[in-house]
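I have a structure here, written as structure tokens, and I will follow up with some questions on it.
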Amino acid sequence: MEIEDTFAEAFPMYIGRYLVTASTRRWALASAQEMKGLGVSATLGPGEAGIEREVTIEESPDHRPGYLLNVGHREKKELNYWLIARIRKGVLPTPTTSAFDAMPKEMVQYYVDVKDTPIQLFGDGYEELVEREGRAVYKIPRMDGFCYIETRFGVARGIAGGNFLILGESQGSALMAAEVAVDAMKEVPYTFNPCAGGIAASGTKVGGRRYKDAVATTNDPYCPTIKDRVEESKIPRGVNCVYEVFINGLDLTSVEKAMKVGIRAATTVGGVKKISAGNYGGNLGKILIPLAKILEMH
Amino acid sequence: MEIEDTFAEAFPMYIGRYLVTASTRRWALASAQEMKGLGVSATLGPGEAGIEREVTIEESPDHRPGYLLNVGHREKKELNYWLIARIRKGVLPTPTTSAFDAMPKEMVQYYVDVKDTPIQLFGDGYEELVEREGRAVYKIPRMDGFCYIETRFGVARGIAGGNFLILGESQGSALMAAEVAVDAMKEVPYTFNPCAGGIAASGTKVGGRRYKDAVATTNDPYCPTIKDRVEESKIPRGVNCVYEVFINGLDLTSVEKAMKVGIRAATTVGGVKKISAGNYGGNLGKILIPLAKILEMH
Amino acid sequence: MEIEDTFAEAFPMYIGRYLVTASTRRWALASAQEMKGLGVSATLGPGEAGIEREVTIEESPDHRPGYLLNVGHREKKELNYWLIARIRKGVLPTPTTSAFDAMPKEMVQYYVDVKDTPIQLFGDGYEELVEREGRAVYKIPRMDGFCYIETRFGVARGIAGGNFLILGESQGSALMAAEVAVDAMKEVPYTFNPCAGGIAASGTKVGGRRYKDAVATTNDPYCPTIKDRVEESKIPRGVNCVYEVFINGLDLTSVEKAMKVGIRAATTVGGVKKISAGNYGGNLGKILIPLAKILEMH
Amino acid sequence: MEIEDTFAEAFPMYIGRYLVTASTRRWALASAQEMKGLGVSATLGPGEAGIEREVTIEESPDHRPGYLLNVGHREKKELNYWLIARIRKGVLPTPTTSAFDAMPKEMVQYYVDVKDTPIQLFGDGYEELVEREGRAVYKIPRMDGFCYIETRFGVARGIAGGNFLILGESQGSALMAAEVAVDAMKEVPYTFNPCAGGIAASGTKVGGRRYKDAVATTNDPYCPTIKDRVEESKIPRGVNCVYEVFINGLDLTSVEKAMKVGIRAATTVGGVKKISAGNYGGNLGKILIPLAKILEMH
């Protein structure tokens, strides 16, 4: 099993991190899943989103079951818009829910203010500004009671695009290795995985060879099914399937730690032939994460 | 238990209906949930979306497990954009998936063409146009094999905003009645429920009383917690919680049938005091659905 | 990919088939999962059990969401005991549930009577015998209302031990093939899969080589990790993992159909090297199911 | 909202606590659910069982995702039998699983030895005794690799039958309160809930009024639907539904803490009229838990 001497090419990303709570765990999860949706990494649409983890009642500011969400976008303006939109569409309408900021204070670059957004305006003057557990929150009446939304949400300058590639002898072995990796990486704090089920089948390259104007196209060097049609295929003999595992996080150290944990886990699975990473030759991303370096981390 | 002599006020909506399949049911579901996300009814963002139902292997064009998705928007241009975006973000990246049109031929108003969208361009010239079970599909190489995406997706002129309100003596009774209704309505073909978990806590009115420029604000006449502050509260004595169940569909008959099934189911649950419906006095919507009429339907 | 010219060795089994319903689908599922538990094929304990499928409200005798359960045992007396015990422990205590017989009339060999069992006696004289949709049912008071349990449950002389083995080059490929097979087999009526997640890792042989008194021990010829220590290993070169998929059913035709559907599905998955079947040389089971025969079935 | 001045009547129970791990979290969960099955409190069958909580990879002895199971029985011999049977039927056959003792050393009363049980004998002499992270474990070959099972499982003298009753004005409010309580109680260590979905609809009394020989029959004083037929009904005006929440645990303090947490959570839900507890007048159980006392606990 080879670990290629290469690097992941990551990018800075604006990231918000917040908590949705509800009367019961299943309603908190329904809300979190709705907000996570349309959050897979891609070059269009409402940015990235991922559920970080379950939050216990003991940890929660309103002593109810909850989930930590992270939402990200490379553009500040877009992040600000979609952070509010995800809460507006995923928290406000969902039975018994509330939402609180969960960004560690020391990581806050700036705050998104809820005032004058469709969340605060929803209250139509019936909303009140109250204090809960030391937080300033809007208490907004809705048909099933009150929805509490913190007045501002912290945004960090985090990292997107941490990743590695799993090259397997079959689809089953690559997929199982990716699942094992994703389960392990979920335990690393301050990171989130934007993909549906945590795994990406559609690796991309920047731009296109044939479709010059495309923003991103299939990562043909890593497509085993067309390796005979691709000039510089990177598919070794015996490899029939590749999956990519992405990881975003609030800081580089957390992303590196998650990558390390994930790669270690993936390599315990039979049929994995090689680990590599997605990059654009270092031309695009500002943050290079060499696999060799992170595997030496403590 | 009273059923108010009122009507739901619905709207025409452009709706696409398609099928995502995968090697296993759980990957088809992961993809469907990702695409359903950010699809709750609201006045901002990427429109509405809902999972209609599970599709058996026997029904499926590629003989794999699948789920039927419906996506909708009041604006044609927006629908066309987000239909492609949901497939681009929810199907293309997800392990082993493919997507096929599922709009009944007789309901098609027009087709959204996949050509020259980020889906077809993703292939970067490696994609092929092939035929599968009488359908024209793009066979697009990605790292785990090929993703098959039909070349066009039919759009119907459907109905949004079918709804009814459940007024309960407690949050628990209103919520249970709404859950019972949502389970029953899922069996009505050609309809979908855009809400997270199927239930809306945040009923809205058009515009605002105090915030004049707001597009939509809380439906204060139906908020029990502020009934003493609202001039024209519609909350009867003994009601402490209200939930709204929305239903969209490809045609009016299906929406009416789902509403009927849902109301009948809700009224079997203890503690439900009244059924009403959300409307704007008939000023806004073009389609009025009287509760009395649909409850007489066969 | 080779399909070995061998046969599954199956056995007659007493099987009960019934329906649990509840106010909401999730409570019906909670009940069904509780009753399915401790139902994996084994030589000890409370026999076998499996969820066949979801039942729609339209199909259900009390117009509520439900699930079809099958429970089986080779011994009639044991089946009679555990059928009642599973309903007593899984239906009666679970919120809002009821249970109805679902055995097709033409397959009934005999009925298990609920009279004088801990289910009927639970009513302590407050239970009533009533009629619902042409069925005789006990209406038993419990703290959340009434639980309806049909007065008798039909038992068929069905088939257990239909099976096939998937030999894969890696754990991931064998597991994926088994999952694909299990998803496909779920659509075959009158069959159920007793394994947790549908897949068995612990194939058995009758008795033991070294532990002579053991009832069943590891199927060492099919354990790749010890192939060098086993005299008559059946593990071909390149195979590193084997999973077994079991299927029980109300009649032989249904079991054969499910096996065919499952094998066909499994062989679409990359990395599967061989399909075989578990048997005991024809010495034990009374029903031999040749793989060659079922793959020729229409 | 009244909390009745009464007590729960609990019993000593032999309890085993162990961990199932698997390559992925979903296979660990499939195994845990299978083992939890047929584990609802009742006077017949294989005793009680419950999933305590998820275990992280970091905590787990084999660095894989896992779940903590608790199994209990009032009779030592029965506990010993069913502890082994649940592992034999739920762990050994399930893909990629292993099982380890998780009983805190200071609570161990005695150990159940795996030697000469159907688990060790399954190995048929191919099993090896090895050491993993300071534990003595059997390394048992099965078709997908090795299954690791610790050589002995600690048993505590714990507590069963901790409970409280929720009397609600409707089924929905009582059920919601019970769900809120169950979610909260899940966070209390060393406790487990044996009911399907955590909630019991079928409260029992010891013996029967009319059916004198019955072991346990419906708790008729707490059945609202028959209150007019019951001489000493305990149903206050306005109560239409009762649910019971049971809790078992390794020691009395943990059970009391869980009861306190659960009662506090339940009473936050609208429509709850009264909290009581199930007891048999103190004649049967050896452990009386007064509600007043536990609500004063820190």
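Per-chain residue numbering starts at 1, and chain names A, B, C and D are given in the order in which the chains are listed.
The rule is short, and it goes like this: a contact is a pair of C-beta atoms (placed from the backbone, for glycine too) under 8 Å apart; a residue touches a chain by one contact, two chains touch by 3 or more.
Computed from a prediction, not measured in an experiment: that's the story for all the values here.
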{"item": "Chain whose Cα centroid lies at the greatest distance from that of chain C", "value": "A"}
{"item": "Pair exhibiting more inter-chain C-beta contacts, C-D or A-D", "value": "C-D"}
{"item": "Chain centre separation in whole Å, for chain D relative to chain A (CA means)", "value": "36"}
{"item": "Chain B and chain D: spacing of chain centres that average the CA atoms, whole Å", "value": "39"}
{"item": "Distance between the centres, which are taken as Cα means, of chain D and chain C, whole angstrom", "value": "25"}
{"item": "Contacts with two or more other chains, residues of chain B listed in rising order", "value": "23, 171, 174-176, 241, 269"}
{"item": "Chain B residues touching chain C - in the complex, by the definition given at the top", "value": "23-25, 56-58, 65, 176, 179-180, 183-184, 187, 269"}
{"item": "Chain D - residues contacting chain C, complex", "value": "23, 26-27, 30-31, 33-46, 49, 85-86, 88-90, 92-97, 118, 121-126, 140-147, 165, 171, 174-175, 178, 195-197, 199-204, 208-211, 214-220, 222-226, 229-230, 241-244"}
{"item": "Residues of chain D defined as touching chain B within the complex", "value": "168-177, 240-241, 269-271"}
